[in-house]
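In the two complexes that follow, subunit A is the common piece, with subunit B as its partner first and subunit C second.
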Partner chain A sequence: MVVNSVIFWLFFAVVSIPYFVFFRKSCRGQNLWLLLASYFFYGWADWKMIPLLTIITVVFYWLGLQIEKNNVDNPKRASHLTTLGVVLGVGLLFYFKYLGFFVQEFAHLFDSFGLKTNLSTFSIIMPIGISFFTFKLISYVIETHRQNIQPSRDFVQFATFIAFFPTILSGPIDRPGEFIPQLSQSRKFNYDNVAEGARRIVWGLFLKVCIADRLFGYTSAILDNYTHHNATSILIASLLYSIEMYTDFSGYSEMAIGVSQILGLKVRENFHRPFLSQNCSEYWRRWHMSLTTWITDYIYMPLNVRFRDYGQYGMYLAIFINLVVIGAWHGANWTFVLFGAYHGLILVIIAATEKRRRKFEKKYSLKKKAYYKYPRMLLTFFLVTLGLIIFRANNLSECFDIIHRLTYNYSFPFTNKTTFVFGLPFILLLIFKEFKDENKYNIHFLHSKRLPIRLMSIFLLLICVFLCGNLDGGQFIYFQF
Partner chain B sequence: MEKNEIFEKLNEIFIDVLDLDECNLTDETSANDIEEWDSLSHIQLIVAIEKAFKIKFTSLEIMKWNNVGEMVNSIEEKLK
Partner chain C sequence: MKKSFSKILIYFTAIVLGLYCFDCIFGIIMKHVAHKNLEKVPCGLNYCLNAASADVIILGSSSARANIVPQLIGDSINSHLGTQYSVYNTGNTYQDFPYFYCEMKSLMDRKIPKIVILDLQPWTLSGPTNMSALKFMRPYYNTNSHVKEVLDDNETFLHKVLMNFEMYKYNEEFFDLLSSYLNPKTKYPMGFWALDGEEKDYEILPENDNREVNPLSKQEFEKTIQIALNNNVKLFVSISPYLRYIDRNSPAYKEIVNMCKKYNIPFFDYSNDLELVKGELFHDTMHLNKKGATIFTKKLSTQLLKSL
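Moving on to the complex of A and B:
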């Protein structure tokens, strides 16, 4: 049941009507109802993993209470319990996501030494959404240990935070300190919330079905069969894949945020117009923000603090590890590690030249100059696209082969009517909106002060969705992670 | 050392590390208020503060700070 399918909207209607009608005065009732709906939603995707989700939720609930109990009287025990929580969360992720990969890699290694292994039956089924909910669980124990939050004393509330259906499959990754307090008061039907939520859903739907799904046909046709295409086609497909990736994932995030907002719950933002970034460091502050801020808070900063006595080099190492972890988080494949290392290297170069660059920009007042800003945006987009070629490739040799093929054989590209006739005008609309919003957010189109413009924008977007879109509930790229 | 002396010294450190023209820190100032104060420069600030006050923070102390006020409290604790 994905958010761009009719069945999801039926489910959402069945959830929200009792939520706002029968339970409107009972916070506990609303939470319990949300929890049941979330488990039903998760069970619909993968019912066999419900016991795992339940048990792990109980364990972390208990850990939170124990950590708080020991934080003052027995800090050592609190620290051990936090470590246990982190190891448990990382261990789960490792077992389900990476163990099979490492076993296979070792098997290949042994085979290359002539040692026979028989691992054809070894496979572990990965619970859907595990990369997202384990990160919520880990942040819960760390924040409790840092005494930034009080652990939840209401199990239903805590379990709802972990399993919250709009975000469990693909984020945004919420933080306990921001989300749980919202569950301690009942949520009333609020027109502004519902209107804004609906606007974000419509925009998300447009991004997903009118842009991402349109581009998918072209990018997969070329990149899955790149040996049959010339460099021009591969280059165009790669550039379009960056836009497909962005619209697919930010489209999902917009819908998840919109659905939550209708229910009266604010979840983390995930994207902030990343392709308007002027360098890759800024890009990572604007792309998949709920993941990058998580990794910054719980991996980068602790490493940086640890390495601070090594000066600049300690910081570079922390940056590099940070990006490799972000890459590897996406899955068990060396391409993801290389993707992370590639961005890590770029960010280290940016960090090493940061001070000089800032001085230079200040001296010549360059920051807002168009001739300085736009070429940098374009360069960042190209660098991100190169990274996504590594990201998308099935293995390292394919990735190097694609990059090699980009260096020769430029001729007339393969064209496809569906992509170029429908996709390109929508992309232009997206670019136009991104630049408008960057200058001043929330005043254009869907957010115009004039009601006719707002209604017209929604109406036109919906027409595009129904006429050009594909509403069969196509999968989102990020579900696989 | 008095609290206002700590703030005075911190202002100097922030101006120097973040390359600011001026800086008026208060208890509530956080990274959201100063554009140049990001995750990269944060660690340089910590190193500079430790050096200037001749103190050493633990990782947990650093991770707990949400604003300059909490940072100043940690410095005061260490100087006692």
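Moving on to the complex of A and C:
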């Protein structure tokens, strides 16, 4: 049941009506209803994993209470319990996401030495959304230990936070301190919330079906069969893949945020116009923000403190590790590690040259100059695209082969009518909106002060979705992570 | 809450009503466009499904459309048999068996052809059902009973409900219909779309298809053959050349060969034909250019005449 399918919207209608009609005065009733709906939603995706989700929710609920109980009386025990929570969370991720990969890698290694193993077909089925809900669980125990939050004493409330259906499959990764308090009071049917939620859903749907799914046809045709295509086609497909990735994931995030908002719950923002970044460091502050801030808070900051004796080099190392972890979070493949290392290296270079660069920018007042700003944006986009070539490749040799093929054989590219006729005008619209929002022009078509313009914008976007969008319910790229 | 609810309800109704009105008007316009397209110069799926009629029919995907020159086939057959056979190429982008079935049935309703050349891709029988092929046929759901039959068999209940909406039906395809309405494709006589350019710096890479045969595709292939045989149509199966090395041991390829043997259908395979698999004869790896199509069609005609 993907959020761009009719089934999901029927499900959402069925969930919302009792939520606002029968349970409007009872926050516990609303939470319980949301929890049931979330488990039903998760079960629809993968019912076999419901026991796992339930058990770890119970365990972390208990851990939270125990950590709080021991925080004052027995800090050492609280610390041990927190470590246990983190190890459990990371262990789950490692077991389901990485163990199969490491076993296979070792099997290959042994095989290459002539030692026969029968492990090369070893595999474990990964529960859908595990990368997202384990991060919520880990942040819950850490925040409880740091005494930034009071652990939830209401199991239903806590379980709803973990399993909340709009975000369980692909985020945004919420923080307990922001989300759980919202579950302590009943949510009313509110015009502003519904209107804003609906706007974000329509925009997200537009991004997904009119841009991402349109580009998918071209990028998959080229990049899955890159050996049959020339460098021009591969280059165009790679550039379009960056846009596809962005519109696919931000489309999902917009819809998840919109659905949550209609239900009266505010979840974290995930994107802030990443392709308008002027360097990769800024890009990572705007891209998949709920993940990057999570990793910054729980990995980068502690590492930075730990490495502070090494001065600048300690910071560079922390940055590098931070990005490698972000890369590896996406899955068990060396390409993800390389993707992280690639960005890590770029960010280290940016950090190392920052002082000199700022001095230079100040000296020539370059910061807001168009001839300085836009080429930097373009350069960042190309660097990100190169990173996504690594990210998308099935293995390292394929990734190097694609990059190698980009260096020769430029001729007339492969064209796909539906991608170019339907996709490109919408990409232009997206670029226009991104610049408009960034520079705060006064033509906010979805947020205009005039009601007819707002309604007309939604109406036109829906027509684009029905007429030009790919309505076959394409999967979201980030579901696999 | 009541105030919020009524406000939302009013706006929601306004948008839904607006969409419904747009859908109705759009449907009327598209019906007119589709009808005019049929009257104008033949091209595209609409004409093939609802109006095409000839003694010799070429059936296939975009490869068939770009690779087989109907004029040459017609000249060759007519001069050999002393007939006045008309030829039409119904090849269409992304199409495979669901379309071939609809096309065959629709042709039979209008005029039974004498000869059908079914141009297949070596991998046509492998992999899942081609949903794109179904999507492109949606606009003809109400105008072609065979399309309705195939779509009803293959699509979900939800899709059937959505077929009541014009925007859904014409999704994507409206652009082709409108553009051929505004700019009729007169340069594509008899359904043949000649392509220019040539493939430079190419590599002939192996096309290994280890996928199992899709039982549904196999069944549809057999059904298509049976329709032809039951109507005394002389059927030929061909495989066009590709700028790739085609693996003839793939399950899908073997199945095509077996099926042709089973029904005693002449089978002409030009994949891996060294005379044709050359970059200068190709527009891209999948389609021949005009020069390549001429050479290929001449070779195919010679083979055809031997089997007639």
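As a working rule, the second predicted complex is superposed on the first by the 476 of 481 C-alpha atoms of A that agree within 3 Å, B and C clash if a C-alpha of one lies under 4 Å from a C-alpha of the other, contacts with A are read in each partner's own complex, and residues count from 1 in each chain.
In this text, a contact is a pair of C-beta atoms (placed from the backbone, for glycine too) under 8 Å apart; a residue touches a chain by one contact, two chains touch by 3 or more.
Please read all numbers here as calculations on a predicted model, not as lab measurements.
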| item | value |
| --- | --- |
| Contacts of A:His108 with subunit B and subunit C, given as first, second, both or neither | neither |
| Which of subunit B and subunit C A:Gln147 touches, first, second, both or neither | first |
| Which superposed partner A:Met315 touches (first subunit B, second subunit C, both, neither) | first |
| Which superposed partner A:His404 touches (first subunit B, second subunit C, both, neither) | neither |
| First (subunit B), second (subunit C), both or neither touched by A:Lys266 | neither |
| First, second, both or neither for A:Asn304, with subunit B first and subunit C second | first |
| Which partner, subunit B or subunit C, touches more subunit A residues | C |
| Subunit B and subunit C footprints on subunit A, overlapping residues | none |
| Subunit A - residues contacting subunit C, complex | 6-7, 20, 24, 188-191, 194-195, 227-228, 230, 408-409, 411-412, 414, 418, 421-422, 455, 458-459, 462-463, 466-469, 471-472 |
| Complex contacts: residues of subunit B adjacent to subunit A | 19, 36, 39-40, 42-44, 46-47, 59-60, 62-64, 66 |
| Residues of subunit A defined as touching subunit B within the complex | 145-148, 296, 300-302, 304-306, 308, 311, 315, 319, 351, 354-355, 358-359 |
| In the complex, subunit C residues that touch subunit A | 1, 3-5, 7-8, 11, 14-15, 18-19, 22, 26, 131, 135, 158, 162, 165, 167-168, 170-172, 174-175, 197, 200-201, 203, 205, 243-244, 284-285 |
